[in-house]
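Each chain gets a letter, A, B, C, D, E and F, in the order it is written, and its residues are counted from 1.
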Amino acid sequence: MIGQAFSQLWQTTGLLGFLSAGGWGNAIMILVGFVLLYLAISKGFEPLLLIPIGFGCILANIPYAYIAGIDPTSTSGGVGFIKLLYDMGIETGLFPILIFMGVGAMTDFGPLIANPKTLLLGAAAQFGIFVALIGALLISFLPGINFDLHAAASIGIIGGADGPTAIYVTSRLAPDLLGSIAVAAYSYMALVPIIQPPIMRLLTTKEERLIKMQQLRPVSKLEKILFPISVLSICAILLPSATPLVGSLMFGNLAKECGVTNRLSDTMQNALMNTVTIFLGLSVGSKMEADKFLNLNTLGILLLGMVAFALGTGMGVLIAKVMNKLDPKHPVNPLIGSAGVSAVPMAARVSSKVGQEYNPQNFLLMHAMGPNVAGVIGSAVAAGVLLAVVPFMEPLIDGLRPALAVFM
Amino acid sequence: MIGQAFSQLWQTTGLLGFLSAGGWGNAIMILVGFVLLYLAISKGFEPLLLIPIGFGCILANIPYAYIAGIDPTSTSGGVGFIKLLYDMGIETGLFPILIFMGVGAMTDFGPLIANPKTLLLGAAAQFGIFVALIGALLISFLPGINFDLHAAASIGIIGGADGPTAIYVTSRLAPDLLGSIAVAAYSYMALVPIIQPPIMRLLTTKEERLIKMQQLRPVSKLEKILFPISVLSICAILLPSATPLVGSLMFGNLAKECGVTNRLSDTMQNALMNTVTIFLGLSVGSKMEADKFLNLNTLGILLLGMVAFALGTGMGVLIAKVMNKLDPKHPVNPLIGSAGVSAVPMAARVSSKVGQEYNPQNFLLMHAMGPNVAGVIGSAVAAGVLLAVVPFMEPLIDGLRPALAVFM
Amino acid sequence: MIGQAFSQLWQTTGLLGFLSAGGWGNAIMILVGFVLLYLAISKGFEPLLLIPIGFGCILANIPYAYIAGIDPTSTSGGVGFIKLLYDMGIETGLFPILIFMGVGAMTDFGPLIANPKTLLLGAAAQFGIFVALIGALLISFLPGINFDLHAAASIGIIGGADGPTAIYVTSRLAPDLLGSIAVAAYSYMALVPIIQPPIMRLLTTKEERLIKMQQLRPVSKLEKILFPISVLSICAILLPSATPLVGSLMFGNLAKECGVTNRLSDTMQNALMNTVTIFLGLSVGSKMEADKFLNLNTLGILLLGMVAFALGTGMGVLIAKVMNKLDPKHPVNPLIGSAGVSAVPMAARVSSKVGQEYNPQNFLLMHAMGPNVAGVIGSAVAAGVLLAVVPFMEPLIDGLRPALAVFM
Amino acid sequence: MLHQLPKELLLEQVNNGLILMVLGMGVVFIFLTLLVFSTKFLSFFVKKYLPETMPTVAKRPVSASDSPIADTAGAEIAAAIAAAVAHSKR
Amino acid sequence: MLHQLPKELLLEQVNNGLILMVLGMGVVFIFLTLLVFSTKFLSFFVKKYLPETMPTVAKRPVSASDSPIADTAGAEIAAAIAAAVAHSKR
Amino acid sequence: MLHQLPKELLLEQVNNGLILMVLGMGVVFIFLTLLVFSTKFLSFFVKKYLPETMPTVAKRPVSASDSPIADTAGAEIAAAIAAAVAHSKR
């Protein structure tokens, strides 16, 4: 009997799990989790998200632990705690919405209101989303890479450079890719200071980089209160499918700007946001399952995410140059165009830093915050279009997404 | 194909939604939401609740967004995030209970313990609840207004002037009226400084308003610890149906007063309460649906809510005068009687302000806090009676409330 | 009609409930709840847990209130709010996991890293767990006491002196005993300063108590970061069934030590942990139902819990003495062995206090923190063994645990 | 056309409403009157039999929340260690 | 062997992708352009018709959140009582 | 009458309990002994191969959380703008 008990314990050790069929995949994913922790801690890559994601990846890949699944031998439910969190907040879409509330409560739209035409830079930078989308469809001609339209749309949204938007869209359209897409999105957001500057230098002349912009006028409290309301109104009229994202962003922002609900906006920014960040990170990380992560699709996603970022950056810079052609009296330094990809506030800081390399007295940070927060709105709008049109364009086959249904 | 896709997008714009059948109702409700935001921000009407409620109303009424409903075209669940919050916390009754915990952790029953007879003022002010209840039944004789006993009880509880109690009772008895009842309750609570003073002046003589009350004795820590326990004990013995509300209030209060769980009472008052307030406000606001709000019933509710407030105020003042007749040695300034309606701490401040109009040296605030917190207990007790007796008096017809069943 | 309504109200008073069949049991349990509140407030017994537990016990035992059950007469669900909390967090196992995250974020493993051999003291002190387990099986030979292996394992884990671990294991193995086991665990943790010193004095000589330990070396940041990762790795390889507990503990600890996610570790330690503590306490307390608590089993649990504590304490001390025999060059003061039971940080403080009784210049606190936090890991490992082996050893009979099935 | 509930239902409802008012105000007053007496009794009891414990009780929890003894386990590790470190540096 | 989606599906997908790009960038630009105009209009409107209310609005909420008036009910009991106590001590 | 579990079940249970004790204490000791060695090894490894990185690592995260770079996106907008405003006021 003690032999039986011992063998029972032995047969459920992780050691044996890693050595059994498919176990090597779990071992590799755990190493990937450790790499994410290393990058987050040692290189400062978006640690607030990548540490929970990395840890979630590790926990989810421990054999026989079923922390992100259901224990088949359990008699008392046996639903792992990360699966509980996933079902509660990612499958339902609640967690990214709550994060967006907190982001709204932390965002100051002042620079955008002072110089509204920078909104167009935030629009231009969404170009990367759609190019990556088409890229994903094109590389599916290669054997071993199979993205349907749902998957391609989720990959494209990496180019939005906005974590909660990417997670929200992916959880709606292609939840099986959640792990790789979230990791790509947050990794490239962390890499913004490396990816963007060469592109910015390539596309601008030295004179352009030295352009000084007029100082931003002060924005009144009332304008800041009316702005979220007007954004929500336009969104409700034009694109209802974007209102969950845009609405929660603007709710958070109104709670902050109105000045009479500081208690609520404090909680949105702190206790609530941090709690949701922990839960969301663990849940997203748990989707980095070996069989869904260790394939050529993931490689494609990482590649396309990079393309999307680069293209969004470039398009933002180019549109800024076009705007200078059309309206030479109020010149825009094209270096702030790259901030339109979102990645708040990293991208704005990159604009400012590159600008100061050429003239240390040229302070672009405030000017770049305009396109930067415009990029958040732009990504949410692009997300709304994808959410509205993709399921209509590509109906499910027997309740499954085409790329998955074809292989069943 | 691009035409089809474009038409798909076009047919789900909010613009078309507002123009389609029933869409004008949504548009009006969104305007109502904006009015609530305006009142909250600009006039300071209970902003902590009315901003989430107003925003919830707006989001819930955006056509094709299904933020407070289920997207019929969705293949991935498609439950809107406000519906998730509603199901989680209002349908279950959890959110008002948690708010009550926080209220308990913020309430000081000291003034009540120092002068316990002011509890009777808190009892008297509940009279408005029952008059409004009967009023709701009487105006149902008018065509177009149809309140059954469940609805009338929920309307009456507006007169309790206590938000969480009103929401808790309504979510149990008449959830279809939640939007209008919550809006009426919080609006009138905000209007207390306008509604109460004329009634207070009408029912008192100048001499009465000048009555100076004996200074309150200091209350010991031990008395403050024993008070919540004794309230809960009486409630458990007399009226178990009120123990969810009274129990959570007293739990919060004990956590505060016992002095050894400050960590817990801090969280109850801040992070937890704020989070729940946001969720509760959005959920309640989402019940302001056009077809349930834009009818004569809502008009009746608003009218009766006002009546309930006015009567509760008046009855509190009158009972204070009666008490002075019975016990002339320890006179009570009848101006503190109006504070018995709850609406903590606004009603107590109104008592104090009206008192100082006649004698700036007469500080009634502390004295008015007694009946004010007594009103909270009184409303919870009245709620307990309604919850225990109404479902027994008026059984459901085929699982539906009578007023709804009759029209099916 | 008014008679009927009045009789309806009268028949649901708590007074009648207490006088009806089985009502005396509820009354006694409410008194037990009051005793817990008294001990927590007046004697300082683990108030953060015992106040919610005591209050939960009181609320759950109010007749006809159904706060921890389902109201059979309700037409709108009627699930009491504590039952909601219980189902959400205890039945699923989520709450103890989240508490463990917070504990991890508050724990400093520095003293353990500086002197790793004290880990063995944390191992030795788990001996009490298994002796109490066997003790529970032995006293089941007495009529009226019936513990199956599931129950005995849950009782044993009291000896782990770690609240969340005890609640997690019991909720998995024997949820009907949750109330008595949690109360026993937290009570004895509070009684550590009374239980431990006589045992410590009995098992040590005066010379041993005077042993001075070498000052602990400073531990580098990097070591503190690598420690949680190495613990998790070993746990994943050896004992996956312990990874939910160990993993969440180490996640919290990494979030604290890595230095780049202070936002998250602050929330884990404060808002999140406090909220979960409130919910967990109320839920656990609600399991103190008269018919499950007022029997000889509870008496047995209280007795065995004491035995487990005492044995764990003694074994920790004895192993420290053995270690001194084996490695006389680096002597360990055996008084820190008792800290291996966990009960952080009370047990470490007891070691320090007893040590200073004999030499006021002998500061053992830091040294005792090593075995103390080692005890937390040790209990989690022991819990993992129980969770992995017990359900395999003792299969359910018709889906019920044997001890319950036999009497059906 | 505006809907209307049947008359007999309405009349029965008003009757029920009146019953509710009597019961409701009755219970509210009974409840709060009992509370008046129990509060007075408690204050009397505390003043008479536990007067000395009052400041003690008032102080004990305060010191408990100041000192780490009554606080939750882990929360206090930091404080404990800090204290120990302070000691050991002397 | 590596899997592959059928060719005709792939081609249709690319076609859909191009449509999505046109629609998507179109809507993004229309949306944000509208937002440019609405923001400019709002700023103009505020400057022209509500210039005085700006500081008023800005101040009212601030004082509201400082003073207890606009704060939530219970939260302010403490403050109110503190104020009253302060008064009564004079 | 007091209930009782059947004797044979009780005996089998005690047997299982003894097995659990052996297994449980065994695993606990193996686990924590392994942890002793791994902790000693890690400390040795860190001291030998990464002694310089220690203060670096210790400092980097600290500065990261002080400076906005490593913080979450939006959280830092305020700080960034404040800094910019400070600059522009010179």
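We adopt the following convention: a contact is a pair of C-beta atoms (placed from the backbone, for glycine too) under 8 Å apart; a residue touches a chain by one contact, two chains touch by 3 or more.
Keep in mind that this is a model prediction, so the values were computed, not measured.
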**Message:** Moving step by step between touching chains, how few steps can get you from chain B to chain D?
**Reply:** 1
**Request:** Return the chain whose centre of C-alpha atoms lies at maximal distance from the corresponding centre of chain B.
**Result:** F
**Prompt:** Among the chains, which has its CA centre at the largest distance from chain A's?
**Reply:** D
**Message:** Counting contact pairs by residue number and requiring over half to coincide, which of B-E, C-F or A-F is equivalent to B-D?
**Reply:** C-F
**Request:** Please decide if copies chain A and chain B contact each other with the same set of residue positions, more than half shared, or with different positions, and reply same or different.
**Result:** different
**Request:** Could you let me know which interface, A-C or B-E, is made of more C-beta pairs in contact?
**Result:** A-C
**Prompt:** At what distance in angstrom does the C-alpha mean of chain E lie from that of chain A?
**Reply:** 20
**chain C and chain E: spacing of chain centres that average the CA atoms, whole Å** = 45
**Request:** Indicate the whole-number Å distance between the mean C-alpha point of chain B and the mean C-alpha point of chain C.
**Result:** 40
**Euclidean distance of C-alpha centroids - chain C vs chain D, Å** = 27
**Message:** Among all residues of chain E, which ones touch two or more of the remaining chains?
**Reply:** 16, 19-20, 23, 27, 57, 61, 64, 70-72, 75
**Prompt:** What residues in chain A touch two or more of the other chains?
**Reply:** 5, 9, 41, 44, 47-48, 225, 238-239, 258-260, 263, 270-271, 277, 385, 389, 393
**Request:** Give every touching pair of chains, nothing left out.
**Result:** A-B, A-C, A-E, A-F, B-C, B-D, B-E, C-D, C-F
**Request:** Provide the residue numbers of chain D that touch chain C in the complex, in ascending order.
**Result:** 15-16, 19-20, 22-23, 27, 57, 60-61, 64, 68-78, 80-81, 83-85, 87-88
**Request:** Under the touch definition given earlier, write down the residues of chain C that touch chain F in their complex.
**Result:** 112-113, 116-117, 119-120, 122-123, 126-127, 129-131, 133-134, 137-138, 140-141, 143-144, 146, 148-149, 152-153, 219-223, 225-227, 230-231, 234-235, 238-239, 258-260, 262-263, 296, 374, 377-378, 381-382, 384-386, 389-390, 393-394, 402-403, 406-407
**Prompt:** In their shared complex, at which residues does chain B touch chain C?
**Reply:** 91-94, 97, 101, 171-173, 175, 225, 229, 232, 236-241, 243-244, 247-248, 251, 254-255, 258-261, 263-264, 266-268, 270-272, 385, 388-389, 391-393, 396, 399
**Asked** Touching chain E in the complex: which residues of chain B?
**Response** 1-2, 5-6, 9, 41-42, 44, 46-49, 102-103, 106-108, 110-111, 163, 189, 215, 269, 277, 343-346, 348-349, 352, 363, 365-366, 369, 373
**Fill in**
In the complex, the residues of chain D that touch chain B are 2-7, 9-10, 13-14, 16-21, 23-25, 27-36, 38-40, 42-43, 46, 50, 53-54, 57-58, 60-62, 64-65, 70-72, 75
